[in-house]
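Residue numbering begins at 1 within each chain, and the chains themselves are lettered A, B, C and D in the order written.
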Amino acid sequence: MAQTKINLGLIGLGRLGQLYAEYLAYAVPQARLVAVADTDAARAGSIADAFGVRQYTEPLALIDDRQVDAVAIVTPTRTHFDLVKAAAECKKAIFCEKPLSLSLAEAAEMKRVIERAGVFFQMGFMRRFDKGFSEAKKKIDGGTIGKPVVFRATSRDPHLPHLECVHPENSGGLFVDMGVHDFDIARWLMGEIESVHSIAGTLVHPELKAIGDVDNGIVSFTFVSGSLGAVDLSRNGVYGYDISADILGTEGTLRVGYLRETPLLVMTKNNVSHDTVPFFPERFGQAYVDQLKNFGENLLGGQPPPVTIEDGIEALRVALAATESYRKGDTVQVSSMTAEAGGP
Amino acid sequence: MAQTKINLGLIGLGRLGQLYAEYLAYAVPQARLVAVADTDAARAGSIADAFGVRQYTEPLALIDDRQVDAVAIVTPTRTHFDLVKAAAECKKAIFCEKPLSLSLAEAAEMKRVIERAGVFFQMGFMRRFDKGFSEAKKKIDGGTIGKPVVFRATSRDPHLPHLECVHPENSGGLFVDMGVHDFDIARWLMGEIESVHSIAGTLVHPELKAIGDVDNGIVSFTFVSGSLGAVDLSRNGVYGYDISADILGTEGTLRVGYLRETPLLVMTKNNVSHDTVPFFPERFGQAYVDQLKNFGENLLGGQPPPVTIEDGIEALRVALAATESYRKGDTVQVSSMTAEAGGP
Amino acid sequence: MAQTKINLGLIGLGRLGQLYAEYLAYAVPQARLVAVADTDAARAGSIADAFGVRQYTEPLALIDDRQVDAVAIVTPTRTHFDLVKAAAECKKAIFCEKPLSLSLAEAAEMKRVIERAGVFFQMGFMRRFDKGFSEAKKKIDGGTIGKPVVFRATSRDPHLPHLECVHPENSGGLFVDMGVHDFDIARWLMGEIESVHSIAGTLVHPELKAIGDVDNGIVSFTFVSGSLGAVDLSRNGVYGYDISADILGTEGTLRVGYLRETPLLVMTKNNVSHDTVPFFPERFGQAYVDQLKNFGENLLGGQPPPVTIEDGIEALRVALAATESYRKGDTVQVSSMTAEAGGP
Amino acid sequence: MAQTKINLGLIGLGRLGQLYAEYLAYAVPQARLVAVADTDAARAGSIADAFGVRQYTEPLALIDDRQVDAVAIVTPTRTHFDLVKAAAECKKAIFCEKPLSLSLAEAAEMKRVIERAGVFFQMGFMRRFDKGFSEAKKKIDGGTIGKPVVFRATSRDPHLPHLECVHPENSGGLFVDMGVHDFDIARWLMGEIESVHSIAGTLVHPELKAIGDVDNGIVSFTFVSGSLGAVDLSRNGVYGYDISADILGTEGTLRVGYLRETPLLVMTKNNVSHDTVPFFPERFGQAYVDQLKNFGENLLGGQPPPVTIEDGIEALRVALAATESYRKGDTVQVSSMTAEAGGP
């Protein structure tokens, strides 16, 4: 690829997809957004117009577009399988948002297709590109905290997303939809997870019960190394979007995260207050941009992806094990979740 | 009791006992320290001299002292049973440090003895008197966060106490020794705990393995109300003494705890740093004092104790269930831990 | 102007100018960067190539470029006069970085030229577009703190810029170069300043003494309203770039600023530390972008500039008064600084 | 003095005096409170009863009490002169609260009397015993920040004290009453102050204008070393009691102070808030105790006082210079404030 910019097609123009369009148009020098696709024609049209690019209502047509070198897939998870397969077969480089899939069988098949096609594939886990988490990784690798022995993470959404988005058939449910981020970070910082145990409840949003999901969950887990982990997930972090983690080591601890959005303290009678981070675009906007830049650099430079399809599969495996543990009320070995057994 | 001060005898002059001597001598107007007891004669002597009070090397002798109205028991947990029984039989009012006992059978017997004797008994859980936790309780009761649905607490010691102190035979092990505080706060703020699941490991201090204890543990649990909880415990909070908790509600969240001891930021090249809370006397000194004042006020004023022997028993029951869960590798119903079944 | 993007020429490609090139190329949808100019031909060439735009080594030639609708002037202050005059005469819209000038006589002449030419002119004071300061402005206007009565600001650079940049002949010296930002914010939030008193010293960087500048200064001032203000300026905020302000009102106080760059706490033995904001691009990058977007929107939408040439003149007047006060060792009335008297 | 406790008489039972009674009774092992005096007989009686000590309505009678070894003087400043002289003549050791006096002539006479009598005299500036400020002193002396070059302090009361207390005739006015603390810390950390310049206003509490005082003031000053300083003082720190300071050095900066009282964050919709330090007893309670312990230790151990009458005189000299500067609207040399010239 002698060119200095990738001609990129963006598939999926939901909330995150629209942010991707902006990032790609304005902030990622390595990419040239040339086409967008969404099954909602009006949406595809307005975004295409806004950025002066071609529009498709049929994602497969975008993939077929001969001027498209690479695709970024930001569609509902259940569609990833078909899109990744099609893109691989068309020899397009692929960036795919998390989670890779809702099914380990599908995920395994996606991996085979990609390997067969020999296309470049990078998995989207933007937290790895956040300055907090990436600096934590460097410090762990550099020995700042000695041997890491406990991983404790919190992920809280400020409110429930649209019911359709969180429907387990589309999202995989709380442990997959939200938890997959934490499981990826846990694996990345601490190594493979051996067994998980989950508890959960529909404590705040009864409408979730009707669709078979929960709004709060706690997962505790052991790593293969013997280290311990816990993640608490919530759809009612009412106060704001709160993503944080402690990594406790033999020589020290790292704490990632922050709560304040605006650099302003309001101090009135016996009270000091500040606002909070509203949601993921504010907390991870730069991480999304840096992730896309990294995708572009790797693709242009011929470097392997730092986040692979295996990372996508393994984080999914843990998330499915966590879901299974909650359902069975028992500890689940991550290795027991296989392509044959897993998935909804 | 027409008098305005309680003549108090202090039993146990270990690290905490010595602090109690100071608190009682200087900071609790409701009490007059009149005697101290410790089986270590030198220790008893030096403390007695320092505060100008009578000394005993035999705790039962102090209990027999007719000028002693009330006793504060700050001895190793395994001795609580005999001391509480003796004090009750001598009609002395009793303040007893946590944990009440290491055995539910003993605890049940202590309760019977106290009820039979009709003596005043107040359980020591100083965190309830900390301004952070007590204010959290008020705000929950006042509806600030709506219905509390998740309790997430962290307790980290800065280093391993003396091996003798943490020996499971003396301390009950990590889940009892450290965890009982968190379980008490969890019950106090959120209601009764139904089932617990624990994981743990000896990840930092191999010497603990030899005595059958662990240095890190994570307990997740469900409340009878359906709410969820998790506590992570560590003996290697190397950076400092870190006691914190999030109580997540339908309308907001409360976060208790702090890390900085000295009101000083040291800002050098690209670095801002501060010290941390060294250990429990610094973090909870005022809470210990306020707890003793409260004991004195209740005793003098004829009010019932806000922390009862039942609170001691129930927090112990949860702690023993957590220990059992770790041993069995399975979820344990708290109600299954009975006087017949429980205890080491 | 029926077009939806402004064809913009950027003059001055020093550190800030290069940032402007990036912002304009990637982050400001309202502008199309079409040309850059710098007297350093190599620099002009490499930036022009990087962004695919025309290059000039002669700023006046860029101004003459018929495809350029508007110019952004980011050159050394002493060159602003000639460039603004030339741009106005060529009927180009103008964005001019702070400080407007080093001379009130020149500044007054620039104002006359702009008014005569009837061109759009927006003064660059990016702090007004920072979320912290802009939210403070809204809260003051909304009455959150009652009547503001004291303004106290701190501006600290992490290290001395290149001597050439800070040479008083180029920069106006500490009170103009750094202070003009604080004086602009003070005027914006609190109203006009009446008198100033300054102290200063060359306490850290003796090389500044040779060129007639100081590295630390403190300015106290009174507003026409009777309110009080103070600004402390330093070239040795060694720990990081620290821009903060307290606005104290009758009902409360607003505190703007922050110190931490990366959302990571590193907690080792009795120590918690974090990094700091390195310098202005990290602290005010988004404010610069938002300022340029605002310039673009105003120009395209026919709205008046929110930061005018008068704002540039008045902030300069205060800064020159502060300089004069330090020189004379006496309080100076801001109104005494006139076009006839002022300037170096 | 072979005894191990000082028999101490406390003179002055206003708000601070009552706190001193408590500190002396409960927290200072080196002292035995034996008598209290206040011209308000009811107050003297109730405090004396509460602590079981002798009472006097005539301070000079307490000083005459042969069982009193030392006196702590916590009366209105204008009475210090007579009390210190009487105590010195009676050969009593003296602890005297700040400010020493409102008059340099009186202060000089007090010094002569003390030296003639050869009695132990310790000046009360409790901030020196605060962990934040004392640790800052150690770090400066240890070279952590290199050479200190700028001192910037803020002192804000949460509300106006009783008018009688702040009446300039009693308190010396804002610059003396509040500022003397900051000037003492400035001298202690940075060395002698050479000249001062003040601005001030009655911006919030018009009732102060009637009695000739101001509610907000800003003092900038130069040290003999060439270093720079500024202190801003306010009676309307509405949000809470805020005492803070930055000491900026060639290698780093120290920042003393904190705002939060209770270790609790309340996090509701897009808001994180906490309470503040209510007032001086909460912020400096331990410092007052440590100061009294230090007084006791020095007296018992024959060590010289760490805070001398000269410290009292020099801080007063700066405070009077600041007052004079505000009145004259001009910079004042501290050395020009002499016993002959100074004082109200």
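In this text, a residue touches a chain if its C-beta (ideal position, glycine included) is under 8 Å from a C-beta of that chain, and two chains touch if they have at least 3 such contacts.
Everything numeric here is computed off the predicted structure, so don't read it as measured data.
Engineer: Taking each chain's centre as the mean of its CA atoms, which one is most distant from subunit D?
Structural biologist: Here the answer is chain A, farthest from subunit D.
Engineer: With contacts counted as defined, which of the two, B-D or A-B, has more C-beta pairs across the interface?
Structural biologist: A-B
Engineer: How many Å are there between the centre of subunit A and the centre of subunit B, using C-alpha atoms for each centre?
Structural biologist: Comparing mean C-alpha positions, subunit B is 42 Å from subunit A.
Engineer: Taking each chain's centre as its mean C-alpha position, how far apart are subunit B and subunit C in Å?
Structural biologist: 57
Engineer: Which subunit A residues reach two or more other chains?
Structural biologist: 238-239, 251-253, 260, 267-269
Engineer: Within their complex, state which residues of subunit A touch subunit C.
Structural biologist: Counting only subunit A, the residues touching subunit C are 26-27, 29, 130-132, 135-136, 139, 144-145, 251-258, 260-269.
Engineer: In the complex formed with subunit D, which residues of subunit A make contact?
Structural biologist: 158, 238-240, 259-260, 267-276, 278
Engineer: Can you list the residues on subunit B that touch subunit A in the complex?
Structural biologist: 147, 149-150, 152, 154, 156, 197, 199-201, 203-204, 216-222, 226-230, 232, 234, 236-239, 246, 248-253, 329-331
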